[in-house]
Every structure is written in structure tokens, then in C-alpha cells.
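You will see chain A twice below: alongside chain B first, and alongside chain C after that.
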Partner chain A sequence: MKTPWYEKIASVDKKILYVIMFVVVMIPLLAKWTYNPDVMDEVQDIYDEVEEIYAYNLANPDAPMGILFSFDYGPSTSAELDPMMMSVLRHAFLRKIPVVTWVAFVDSIDLGKRITNFIAKEYGAVYGEDFVFMGYPYPMTAAVVAFGSDVRKFLVKDFYGNVSTDLPLLNKIYNYKSIGLIVTVSGTSMPRFWVTYANTLYGKKIATGTTAVSAADFYPFLQTKQMIGMMGGLRGAAEYEKLVYELETELIGTDTEMYMQSVYKQNTVQKWDTKVFTPGYTEEELREHISTRMTARTGMASQAAAHFFVIFLIILANLGYFFKRRAENKR
Partner chain B sequence: MKRTLPLALAFIFGLIGIAVQIVPALKGFLNTMLDWMAIIGSFALALGVSSLTRHHMTKIRRKHKDMFFSYVTFVTMLFMMIIGLIGYFQPESLYQRLFGNMYNYVRVPLDASMFALLAFFITSAAYRAFRARTWLATVLLVAGVVVMMGRVAFGPFMIFNDITAWLMKVPTTAAMRGLTIGIGLGIVATSIKIVLGIERSYLGGGE
Partner chain C sequence: MLFWYTVAVLLSLAIFSFLWKDNPLYKFAEHLFVGTMVGYTIVMVFSQIIMRKIVDPITLAVHNHQYLNLISLIIATLIGLLYLSRFSQKAQWVSRYPISITVGFWSGYAIVTSFKTNILTQVRGTVVDDMGAPLLNGELLGDFIKSPSWSSLDLAVSGPLLVFGVIVVLIYFFFSIKNENPMVRFANKPALLYLMLGFGASFGYTFMGRISLFIGRMNFIFNEWWPLLKQTIGG
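Up next, the complex of A and B:
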């Protein structure tokens, strides 16, 4: 007896589905398709807040506001979260806003250090003057509370062993009064922790970046304004990436490669601490810096294809299920 | 004594924990408690390593069929520990670069690969389990499809973007708020039970 089509659908080997999924994900990546997202309000709000800090710093050059970036994620979610952290960091460095970074987990130290230095290098930021990396403060609760008075008393040294009070940036930005925004990028419930301590206790503005699966957890905080904005998943990252790309094009033009190289031609190399990054670029490094400006939008093309494929499978499987049930009822 | 002492400590420090938050004169003690937390927390690392070692040693001793992986665990753990420690004391040395490379080119891709496998699990789940069996399942299915479309919407599909935004901002927010309040109340209730010694499962022993 001939097997009905809906039976065949139900018995498709999952290995075949996996292979198709793999191909669907790979084609947009290899073809370098990009996705041009519409910017949602919650992402635009973060961008606008950074712009407000920039405007404040222009009006108050002697008492600037900084941004505290917390790498609250590990390698497992870095594919989704790195692009959003990179985009907001780029925005801050483009606008010459003082940057303080740290990590919330011990296995994120290398990740936090690498990304901070990677982006700082693009804009010729000087360690200790334009940005600092505080490493892994433990326990986080104590570090977050210490920022309420003077973080230098809790973190006596930065990640590289420099005494905190010797760093010019930390002499301006050492408590929440001089922090305009806290950016927490996380695949866990850490943004909730920041709301509890930094927002509730000190009234600090929190912006979060989170994986798509965790985004639903934080919508209540957006509604209550305990978070000023949120980048949800790779889509959120792509939106912020687009905004920063437009700003960068406006400020430094489309030839980013030439701009990055020119940073290290105009100045003396002694200005930069080689412990943090090596001034100048190799060809390979340049390519990497350029490609990371499109990571989220390229990834989104792949994600879009995967979503459409999954939707197609859901419809197909349900059609099969519907017809099979109808045939069974007839019998 | 083995049970009384931990119960007494939980009771005393539970009360102190509440007191330091509400009595302004005790605020200074909060920092001391946080320091203690750091010290006690670091023991968890030692406990973790010892527990992992014991678990894999038992596997090797009993010649378990997967004992090869226990050897892999020991070798990689010791390797990372040694190069990490030497690298820490010798900055910019070969050890530190090796540690960095192991992290960036082994650990990060492995972790990312584990997370990426979700795409395949979802493919399988979408095909085999995501069925409109009941009306509630149909609501879930339709909402899921709309959100999936909305997250990647473009051109003529932009309507899904707006519907997704509404779904996330209104029904999801309401549901999450209910969950959060429930969890919060649960935490308070459990904390009180632990402080008063009613909840004792953290002591182990199955009693």
C-alpha cells in the first residue's frame, strides 16, 4: 500500500533537516548578505542616552560623565552579545566619552579585556586617560555598592596592576555621580542585579543587552523605566550597529580603514601602553576590525533565513498532522 | 552539633543580614559581611575542584567505559591551571599568550558551538513537537510564528514587527511581571524558612 504524503512528512529523518538547516545558515554568511533592520524604540533610547552624555560632556569638559560597561556574559553567548558590546563601545569612543569596563565572571576576563582594547585601539584611546579596564571585581555586589562612594577604595588596582588613584580617568570617574549610564550586556539575570543595586539604590540609568531568549525577562523593567533601553538578541545588536555605522560614516567618512591607520601615523607611538594594545595594524588585523562592523547585520541575514526555514517546517509539520488526523477520524 | 551549629549560624547571620539593611548604625558592618562573602565564596572554587577530581578519579578507578574523558578533563584542567598561573606571574611571556590563545581559539569556539547547537534542536522540536493539538497549543504556535517573523521582518512582512513589539511589551510584560512577583514572594518565604530553621535541605543528609 502506498504511504500517504502526510505519513512521509512525519517520518522525515532529522539528519536531513539538520543538513538543510546548516546550508540555510551558511549560505547568507558565505554570500555576506546583510539585514537592514528598523530601529526599535528600546534600542534608539540607548543611543539617545549616549548622545545626551556626549552633549553634557561638551558643555562640562572639566567634569565629564563616563559610561560603565559590565561584561556580564561568557564565551557561550559571545556570538550574540559581542556585536552589541562592540557597537556601544564604538559609540562611546567615537564621542570620546570616558569608559570604565569590568567583567562579572572570572571566565569573562579575557573576553572583556580583548574587546575593550580592540575597540579602544580603533580610536587611538589612551589607557588610563580615555578608558580603564578593572578586571573582575569580586564580589560584584561589593564592587557595585563601592561605586556609590569611591570605587578606588574597593578596587585599589586596575586589571594591569596600576594603582587606581594614579589613573587620571579614575580621578574624574570614581563614583556614580560621574557615571551617566551603566551598560550591562548579559546572557544571564545580571541586568536584574544592576536594577536592584545601581538603579534602586543609586538611581543610575541602566541599559541592557541580552540574548533573544532572555529578552522577555526584562520588558517589565523597561516599562517601569528601571532600564532605559534594551538590545534584544542579535536583532538588537544589528540595530545598534546600524546606528553607530551611520554615526561613524558621518564623523569619519566611509573609509574606516584609512581612518584607523591614520590614527597611528599622526601621533607618537609612546602615547600608547603596549601592554594594552600594539599601536598600528597588520593587514589581517585591519580586516578583522572592518568585518566586526557588520557582524550583527550579517548574522541577522543568516538568522532570518533560519527563522523562515523553521516557520516553513512548522507549517509543513502541522499540515501533515492535520491531514493525518482527518484521515484517522474518517476511518 | 553537626546540624545545630549550621542552623544557629544561619539564624544569627540571617537576622544580622536583615538588621544591617534596616538599622543605619549597622551599615558599616555590611562591608565586613561582603568581605566575608568573598572569602567564603573562594572556598567554593576549592570545593568545586576537589569534587570534580573525586568524581573523575572514581571513574578512572572503576575503569568506567568513558574514563578517557576523565583523563581529558584532568589534562586540560592541569594544563590551563599551570600556564594560567605561570602566565599571571610572567606577563607578556609565552605562557600568557598560550593561555590567551587557548581561551580565544579553543574555549570560546567550543562554548559558542554548544550554544549554536540550539538551532538544530529547535529545528527538530519545531518539526516534531510544535503541533496545534489543542487551542492553547495553537495560540502558542501562532504567537511563536509571529514573533519569529517579527524578529526578522522586512519589506511586506513589517507588520509582524509591530505585532511582535506589542506582544513583547504588553502580554509578555504582564506575564513576566506576575512571574517576577511570584518568584520574589517565594524567595522571601524560603529565606524566612531557612533563617528560622524550618527549611533544612541545604544541610544535606536527606532528613
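Up next, the complex of A and C:
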């Protein structure tokens, strides 16, 4: 007897589905299709907050506000979270907002250092004056509380071993009074921790970037404004990436490659610490810097294809189930 | 650069090979990861905790003649060292001192802030919006009836839907045993609908997250490693 179609689809080997999913994901990726997302309010709010800090700094050049970036994720979620951290960092450096970064976990130390320096290099930012990397401020709760008074007493040295009080940036930005925004990018429940201590205790504004898996947990905090905005998963990253791309095009033009090279051609004085990054680019580095400007939007094209494929599978499986039940009832 | 990129690609493929079936390549990559991670953690804990939190502050305090600071650092370090008494069966009771100090200190910090963050502010957010206006606002419904539009409909129904959802889901969980009370029976169906919507959104997000990780690896292989390989081979 011929096996009906609904029996056949119920017994499809999962390896075949993996192969189809691989093909579905790869086509947009190899064809370099990009996704142009509509920016949702919760992402736009973060962007607007950074712009407000920029406007404040223009009006108060002697007492600027900085942004504290917390790398609250490890390499296991970097595919999803790197693009959003990179986008917000680019925004801050483009607007010359002082940047302080640190990491919440031991396995994030190199990741935090690499991404901070990677983006700072694009805009010729000088270590100690425009940005600092504080490493791993263990224990995290104590570090967050210490920022309420003077973080330099808790972190007497930065990641590179410089005494905190010797860094010009930390002499201006050493407590929450000079922090306009805290950006926590996390694959865990760390944003809740930031809300509990930095928002509830000190009233600081919290912007969150989170993995798609955790995004649904944080919507209640958005509704109560305990978080000012949220980038959820790769889609959130793609939205912020798009906003920063538009800003960058407006400020430095479309030829980013030429801009990045010109940063190190114009300056003959050696003001960059080679311990932090080497000025100038190799061809591979340039390619990497350019490609990371659209990682999330390229990824979202594959993501959309994968979602359509799964929706198709869900409909097909439900139809199969329906016909199977009908055939059984007839018998 | 190409060598390490290639190592990363081969390890990624070894991990993905588990999709086919468990195999020695997967086991090798898994063990390598665990070993590397432990080694990395030990080095980082030494350089970022022991050096940065004990050695550097003490050295600086001596250098700057801050003796009061030095004394407090030494006392804190000694109290911290009492944790190590757990290795001795005879002396492990001593470790209760640093544990009680840590628990006491952080409980004081956490209890009030957690209660305010997760309960008080959340309850307030279910009653009024961030501008202090009630979520059950008849005026907004009136505005929608006067000039119907998608935005006025959204404003009019989102508050009542949220309040209704919180109440029915709470009833559903509080009275999950068999209960013939008409209010409890009425709440069951809409509560299930709210829960299913919530689970559906979570599932969609979870799927998106997992695919994102796969896309990230494929992006690395085809858009970073492959061009580098082509460039190196092509000279």
C-alpha cells in the first residue's frame, strides 16, 4: 500500500532538515542580501538618549557626561551581541562621548578589550583621554556600588596597569554624576542586576542589549521605564546598526575606508598607545572593520529566510497532523 | 592570522559534527574548550583579582603613605583568607566569619533594592503609566470613539489589556487547583490565551537566538576566513 504524504513527512530524518536549514541560511549570507528593518521605539530611545548626551556635552565641554559600557556576555553569545555593542560604541565614539568599558565575567575580558579597542581605533580615539577599559571589576556588585562614590578607589588600576588617578578621563568621570547612560549588553540576567542597583539606588538610566532568548523577560522593565530602551536579539542589533550607519554616512560620508585610513595619515604626532592598538590598518583589518558595519543586517536576511522556512514547516506539519487525524477517524 | 582562523573554523566544524552523531572530533573539541577555559580563567583570576584587588591597592597604599587605607586592606585580605579554612576539616568553622560578613552586607544592599525593583515599581507600572496616568483610562476610550485611528485604539486598549492580563494570569496561578468559583472559571480561558501568547513570543525569540548563533559562525567562516584564505593563497 502506498504511504500517504502525511506519514512520509512525519518520518523525515532530522538530518535532512538540518541540511535544508543550512542551505536556507547560507543563500542570503553568500549573496550578501541585507535587511532594512523599521526601527522600533525601544531601540530609537537608546539612540536618542546618546544624542542627548552629545548635545549636553556640546553645551558643557568642561564637564562632559560619559557612557559606561558593560560587557555582560561571553563568547558563546557574541554572534548575537557583538553587533549591538559595536553599534552603540560606534555611536559614542562618533559623537566623541567619553567611554568607560568593563566586563562582568572572566571569559569576557579579551572580548571586551578587543571590541573596545577595535571601535576606538576606527575614530582615532586616544586611550586614557577618550576611553578607558577597566577590565574585570570583581565583585561586580561592589563595583557598581563603588561607582556611586569614586570608582578609582575600588579599581586603583585599569586593565593595562595604569593608575586610575593618572588617567585624565577618569579624573573627569569617576562616579555616576558624570555618567549619562549605562549600556549593558548581556546574554544573562545582568540587566536586571543593573536595574536593581544602578537604577533603583542611583537613578541611572539603563539601556539594554540582550539575546533574543532573554528579551521577553525584560519588557516589564521597559514598560515601567526602569530601562530606557532595549535591543532584542539580532533584530535589535540590526536596527541600531542602521541608525548608526545613517549617522556615519551623514558625518563622514559613504567612503568609510578612506575615512579610517585618513585618521592615521593626518596625525603625525604619535599619540596612540601601541599597547592598546597599532595605528593604521592592514588590508585584512580594513575588510573586517568594513564588514562589521553590516553584520546584523546581513544576518537578519538569513534570519528572515530561516523564519519563513520554520513557519512553512509548522504549517506543513499541522496540515499533516490534520489529514492524519481525518484519515484515522474515517477508518 | 590565517593559521588561527583556520583552527577556529576546524573547531567550529568539529562541534557542528555533533548534529550528525557523537564522534571523536566533537569530543576532542569539547575537551579542548574545557581545558582552555580553565587555564584562561586561572590566569585571569590571578591577574585581574589577586593582583588588581589585593597586590596593587596594597602597593599603592604603601607608596602613597596611606597607612589607614593599608590597614583596612590588610584586615579585609585576612578576613578573605579565612575562606581557605574550608580545606581543613578541623578549622572550617572559621570560614563562617567571612561568609556571615558577605551575606549580611549584601543582604542589606539587596533586600530593599530587589523589593523595590521587582515588586513595588512593577506593581505601580500595572496601575499607572510612567506619567502617572491610570492604565484604566476611560478618557482614552472616549478619544478613540470620537476620532478612531490605529494609534488612538492602541492607546485606549493597551492599558486595559495589560491590567486584565495581569489579573487573570495571577488568578490562574493562585487557583490552579480545581475551583468552582465563577470568577476563577472565567479567568481560566483568557489566562491561557495570555500565557500561550507569552510562550509563543518567547519561542519565536528563542528560535531567533539559536539561528543567530549559527549565522554568526557561518558569517565567520564564509565572510572572514574564506576571503582571508583566498587572499593568502592568491598572494
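Quick note on the criterion: the second predicted complex is superposed on the first by the 330 of 331 C-alpha atoms of A that agree within 3 Å, B and C clash if a C-alpha of one lies under 4 Å from a C-alpha of the other, contacts with A are read in each partner's own complex, and residues count from 1 in each chain.
The criterion applied here is as follows: a residue touches a chain if its C-beta (ideal position, glycine included) is under 8 Å from a C-beta of that chain, and two chains touch if they have at least 3 such contacts.
Computed from a predicted structure; not experimentally measured.
A.B. asks: With the two structures laid over each other on chain A, which partner does A:Gly233 touch: chain B (first), chain C (second), both, or neither?
C.D. replies: A:Gly233 contacts both chain B and chain C.
A.B. asks: Let me test your reading of the model: by the given contact rule, A:Thr200 touches which partner, first (chain B), second (chain C), both or neither?
C.D. replies: second
A.B. asks: Quick check for you: in the superposed arrangement, does A:Leu313 touch first (chain B), second (chain C), both or neither?
C.D. replies: In the superposition, A:Leu313 touches chain B alone.
A.B. asks: For A:Tyr18 in the superposed arrangement: first (chain B), second (chain C), both or neither?
C.D. replies: Both: A:Tyr18 reaches chain B and chain C.
A.B. asks: If we overlay the two complexes on their shared chain A, which of chain B and chain C does A:Ala215 touch? Say first, second, both or neither.
C.D. replies: Touch status of A:Ala215: both partners.
A.B. asks: Report for A:Val163: first if it touches chain B alone, second if chain C alone, otherwise both or neither.
C.D. replies: Touch partner of A:Val163: chain C, not chain B.
A.B. asks: Looking at the overlay, does A:Val185 come into contact with chain B only (first), chain C only (second), both, or neither?
C.D. replies: Neither partner.
A.B. asks: Just to be sure I read the superposition right, which of the two partners does A:Leu29 touch: chain B = first, chain C = second, or both, or neither?
C.D. replies: After superposing on A, A:Leu29 lies in contact with chain C but is clear of chain B.
A.B. asks: Does chain B (first) or chain C (second) touch A:Gly299, or do both, or does neither?
C.D. replies: It touches chain C, and chain B stays clear.
A.B. asks: Of all the chain A residues, which ones make contact with chain B and with chain C?
C.D. replies: Touching chain B in the first complex and chain C in the second, residues 18, 25, 76-80, 107, 138, 141, 145, 212, 215-216, 220, 223, 233, 235, 303, 306-307, 310 of chain A appear in both lists.
A.B. asks: Mind pulling up the chain B residues that touch chain A in the complex?
C.D. replies: 30-31, 34-35, 37-38, 41, 91-92, 100, 103-104, 107-108, 110-112, 114-116, 119-120, 122-124, 126-128, 130-132, 141, 144-145, 148-149, 151-152, 154, 158, 161, 165, 168-169, 172-173, 176-177, 180
A.B. asks: Where on chain A is chain C touching in the complex?
C.D. replies: 15, 18, 25-26, 29-30, 76-80, 82, 106-107, 109, 135-136, 138, 141, 145, 155-157, 159, 163, 192, 195-197, 199-201, 211-213, 215-216, 220, 223-226, 232-235, 283-284, 287-288, 291, 295, 298-299, 302-303, 306-307, 310
A.B. asks: If we count contacts the way the header does, which residues on chain A are in touch with chain B in the complex?
C.D. replies: 12, 14, 17-18, 21, 25, 35-36, 38, 40, 74-80, 107, 110-111, 114, 138-139, 141-142, 145, 212, 215-217, 219-220, 222-223, 233, 235, 275, 300, 303-304, 306-311, 313-314, 316-318, 321-322
A.B. asks: Taking the touch rule as given, give the residues of chain C at its contact with chain A in the complex, in rising order.
C.D. replies: Listed in rising order, the residues are 1, 19-20, 37, 40-41, 44-45, 48-49, 52-53, 56-57, 60, 106, 109-110, 113-114, 116-118, 121-122, 124-125, 130, 162, 198, 201-202, 205-219, 222-224, 227-228, 231.
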